[in-house]
Amino acid sequence: MAMTGVLRPAHCELRVLDLDETLSFYLNILGLTEVARDAAGRVYLKTSNETDQHSLVLRKADRPGMDNYAFKVIDEVTLERLESDLRAYGVATEWIPEGEMLNTGRRVRFESPTGHIFDLFASKAPAPDLRSYTNPTLFDHEGVGINPVRLDHWQIHGTDLDGSVKLFSEVLGFSTVEKIVTNDGKTDLACWMTCSHKPHDVAFVRDERPNTLHHLAYLIGSWEQLLRAADLMSARRVKIDAGPMRHGITQGTTIYAFDPSGNRIETFCGGYDYYPDMPMTVWTENEMGAAVFYHTRELNERFLTVVT
Amino acid sequence: MAMTGVLRPAHCELRVLDLDETLSFYLNILGLTEVARDAAGRVYLKTSNETDQHSLVLRKADRPGMDNYAFKVIDEVTLERLESDLRAYGVATEWIPEGEMLNTGRRVRFESPTGHIFDLFASKAPAPDLRSYTNPTLFDHEGVGINPVRLDHWQIHGTDLDGSVKLFSEVLGFSTVEKIVTNDGKTDLACWMTCSHKPHDVAFVRDERPNTLHHLAYLIGSWEQLLRAADLMSARRVKIDAGPMRHGITQGTTIYAFDPSGNRIETFCGGYDYYPDMPMTVWTENEMGAAVFYHTRELNERFLTVVT
Amino acid sequence: MAMTGVLRPAHCELRVLDLDETLSFYLNILGLTEVARDAAGRVYLKTSNETDQHSLVLRKADRPGMDNYAFKVIDEVTLERLESDLRAYGVATEWIPEGEMLNTGRRVRFESPTGHIFDLFASKAPAPDLRSYTNPTLFDHEGVGINPVRLDHWQIHGTDLDGSVKLFSEVLGFSTVEKIVTNDGKTDLACWMTCSHKPHDVAFVRDERPNTLHHLAYLIGSWEQLLRAADLMSARRVKIDAGPMRHGITQGTTIYAFDPSGNRIETFCGGYDYYPDMPMTVWTENEMGAAVFYHTRELNERFLTVVT
Amino acid sequence: MAMTGVLRPAHCELRVLDLDETLSFYLNILGLTEVARDAAGRVYLKTSNETDQHSLVLRKADRPGMDNYAFKVIDEVTLERLESDLRAYGVATEWIPEGEMLNTGRRVRFESPTGHIFDLFASKAPAPDLRSYTNPTLFDHEGVGINPVRLDHWQIHGTDLDGSVKLFSEVLGFSTVEKIVTNDGKTDLACWMTCSHKPHDVAFVRDERPNTLHHLAYLIGSWEQLLRAADLMSARRVKIDAGPMRHGITQGTTIYAFDPSGNRIETFCGGYDYYPDMPMTVWTENEMGAAVFYHTRELNERFLTVVT
């Protein structure tokens, strides 16, 4: 009972153009900590609060975007079962061996119908800066930069939206919490899916550009910390795309901005707790403005078009 | 996968001395809405945000305290399985028929080793004030009183702490997220248990007084709303026991106060998200002050002694 | 010593197209209270917190905009002195007799070089809902709508910016706290002026359209209350122009929106405390984006062009 | 017009027992910056936001408490006038020469009827870390420790309360904003006095112990920053006296704590804006609990008795 199967978005491998400049953004402005570098030159990062070794891996590349998206599952037995279920469903799987990623167990890799590469894994080294769990001293961290709580979710785009949603529902046990549909109600345009109490762990959006990233999101502790994030990003000349504002979908609050490589990053706060006995919320295309930018009820063109 | 089994604390039946006076507190100060009254004179209440019919039932009685505590489970099949599992574990169960509680399905009733009466159920009528789930208009509620989000958890006391913890772990699938132990580490004094992502859905405390209630808790949306709650309680001359402050355990923020019948009620905000791969946090008795009243690191006598 | 002379923006008379519809906005969404109506059909409004009778007067007219802007001065002697000083400076004055505005003392009226009509007065009836000042019960007001603290300031446009700034400095004792200048530093484009600790009580902007209103502003208690204001405005379909966001100038936070008559209204929070020993902050035209919309560092076209 | 005369509490000289330990508290927990040390070994500190050189001076001594309290006045002419007014009123004055305090102009020193040493001065060097006032980059400071806005006020105790209030009213132009009186209304027990828009710049309390300090207060930016302050103080084992909570008087929010030398320090947030046309608020002794600790409406014994 309680939580089983897939736990949460656990890490992702992001392509960056200028490693030093983009790393500086993630270290000094977003406020992640560098945990390790591997032989391939990848840089491993985490928030001060995350209990596993890393949640973001930066890789220097000639175009931005995301190499792959990893979910942690509860144990190795579940990992094996999910790998078997994926194959039974007709999805090709690949085992990435333990250690290909530093201090990280074996991973099951598959491609979703929207063209994204997903990994599932069950074990990763604990964070090197893990605090004591006996009589802990809490809240002694002063924070650097925005200092988010954790990696939260991804919004990713591709053509076969229906295929990815079906796969995540039927094999991985995700629920669709909210969606946007065409005005005639016949076609899903975007689906917010969860494997937990969060209003979404991943969002899929129908888009002619397969395997693209709209944004990766880190969780922020409060609306006031979002203000501080926006203040800091302006002071450091980070390009803010939109926000601070409220989402209709998830009811969370948000700022969208771009890292120096052009990847969109969301600092996301809150949203309701999902329970599986809740009705699904459906937004029609003509109310998409309110669904996403709740305050102004109008989307900006950049938000609608830029992906990496 | 995802959530299964027991979902959350769903409602409880509270004994009150003067029904009108105590009801006025819950309506006008806490800001619940009266949904219904039944033939037995019980009053059904809910928050503006809850999607099921009610989360609190008031019953006039000659002493305060809680009659019973109900968890919602995901479906009727699960309810039957849990009933069978309880019996197999050696716990006597009773089926309370549908309709004994208004618009509420059949309930499995059992007594925990700490002497508390628990109910499990799978169906309840939706809230009469449920908003639309198609292109919803959000945040249009101005709120009355403190206006909490939902029923959150209970802290309850009894002698056989170990028995209740074992039952909730082994049969109902709860996890112990944090606990307080004697300084020698040999005896558990209190356990915070969850069936979800919340840092606790119920807390059991070792106490010579079986079947007692330390507090019922409603969830508040933010630290600033806690300030408003404290301001309003002072203005209306509600007796505040302690707070606003931070807990060490759960890391949530809180105010404790008393309803006019003397039942302690917590307005609780936040706390971290629990995942089953997190280490358990253990506090020793000599650090109990920091564990519960994190800021002053000292408990008050009233908090340690008054239960109903 | 301490404060003398002109105290604060005290009320203004706003032209509205449909009195009922616009009044409903000010009552039910902004959350002002109707205090009185006079023989001319004007409606008098105040916040729950203001201690004088009214801060806003609505008048039905065939075009939106502001009829006049009134500052309260500390006493009748000061009022007479300021009237004399205005005349000595070469400004024509007119005495509006006591009672022309309900329960409001005589007013000195003059036109500023930017074409706006200003009133000074020293006495007004106390608010009919004034709370006790002996052992007060505080924070017992649940609030309707956005529920601002008080009328805060106005931003007004006209051709002779220099003339209005000189008049307010030399005769009325205002200080220029911040300003925007052309990139060559030779011409002032906008001046934020204060008669108090506030970072501005009035802002003058150079504009070819004399006697125009960019916005009237009410003060909001916190950044979180601004979020609630934006949520409520969206839910009630109020057109939000921009925000929530931070200003560079004043460092306050803000939302701009339009009332049903098309007048822009700001809900403004915070800003630093001004002291006369602070340096003046100067922004050049090429940094005007950051000066006004600090987060995105870009103004929207509507904000730059729409006045009433 | 506008502000004249005495501007604000500008600095104070605090006696500390162990200079290193207490300095570490002010630097690393409160988050002040060390600006300078003088030949006498005194350490000069300021907040990141203050525009003058320092607001706190620490002096090693064999008992805690405050040596003197300094207000900045608007200019040298005013300083001379106030010195003359003090003498005319019958108060002895002394000129402390420029430079006795580093980079600080001449000071007029006098003793109040409550036995406290006050200084008035008009000039002090600007902060060495002063940011640009042309196209400033705002909010780029990440903050160390609690990171307050500025020195805010003092609460000081002595026998001749009436004498100090009369002197500050009649000579220095302060207003009494709120006071606590005996239940028969005949005797003032405490007076909150302002020379500005703040609800108090200094509070005098009747006490048999002349020339004592109840607390010095630094201003905090928000209620959420107060939570962070309380979290940090607990994490660093600072002794919190009371709070976070609301005051009835001033309506501000607060935490009281002790520095390592036993001096009580308040982190204070907010409070209303005072205008001289507001009624004075009067609290009677039997409502003193609500007046000071608004939420619990009960004072703690330590708060009532400990001064330095």
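Should a chain be cited, it is by its letter among A, B, C and D, assigned in written order, with residues numbered from 1 in that chain.
The rule is short, and it goes like this: a contact is a pair of C-beta atoms (placed from the backbone, for glycine too) under 8 Å apart; a residue touches a chain by one contact, two chains touch by 3 or more.
Here's who's who by UniProt: A, B, C, D = Catechol 2,3-dioxygenase.
Bear in mind that the values here come from a model prediction, so they are computed numbers and not experimental data.
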**OP:** Provide the labels of all chains in contact with subunit B (Catechol 2,3-dioxygenase) and in contact with subunit D (Catechol 2,3-dioxygenase).
**Re:** A, C
Original post:
Looking at CA centres, what chain is most distant from subunit C (Catechol 2,3-dioxygenase)?
Top reply: B
Original post:
A-C or A-D: which has the larger count of contacting C-beta pairs?
Top reply: A-C
**OP:** Determine the centre-to-centre distance between subunit A (Catechol 2,3-dioxygenase) and subunit B (Catechol 2,3-dioxygenase), using the mean Cα coordinates as centres, and give it in whole Å.
**Re:** 32
Original post:
Roughly how many whole angstrom separate the Cα centroids of subunit A (Catechol 2,3-dioxygenase) and subunit C (Catechol 2,3-dioxygenase)?
Top reply: 44
Subject >> Interchain centroid distance [CA atoms averaged], subunit A (Catechol 2,3-dioxygenase)/subunit D (Catechol 2,3-dioxygenase), Å >> reply: 47
Original post:
Residues of subunit D (Catechol 2,3-dioxygenase) touching 2+ other chains?
Top reply: 138-139, 222-224, 231, 234, 246, 290, 294
Original post:
What part of subunit A (Catechol 2,3-dioxygenase) is in contact with subunit B (Catechol 2,3-dioxygenase) in the complex they form?
Top reply: 1-8, 51-52, 72, 74, 133-136, 138-139, 172-175, 194-198, 222-223, 246, 248, 251, 273, 275-284, 287, 290-291, 294
**OP:** Note which residues of subunit C (Catechol 2,3-dioxygenase) are touching subunit B (Catechol 2,3-dioxygenase) in the complex, please.
**Re:** 137-140, 142-145, 222, 224, 228, 231-232, 234-236
Original post:
Which residues, counting only subunit A (Catechol 2,3-dioxygenase), touch subunit C (Catechol 2,3-dioxygenase) once they are in their complex?
Top reply: 223-224, 227, 230-231, 233-234, 240, 243-246, 253, 255, 290, 294-297
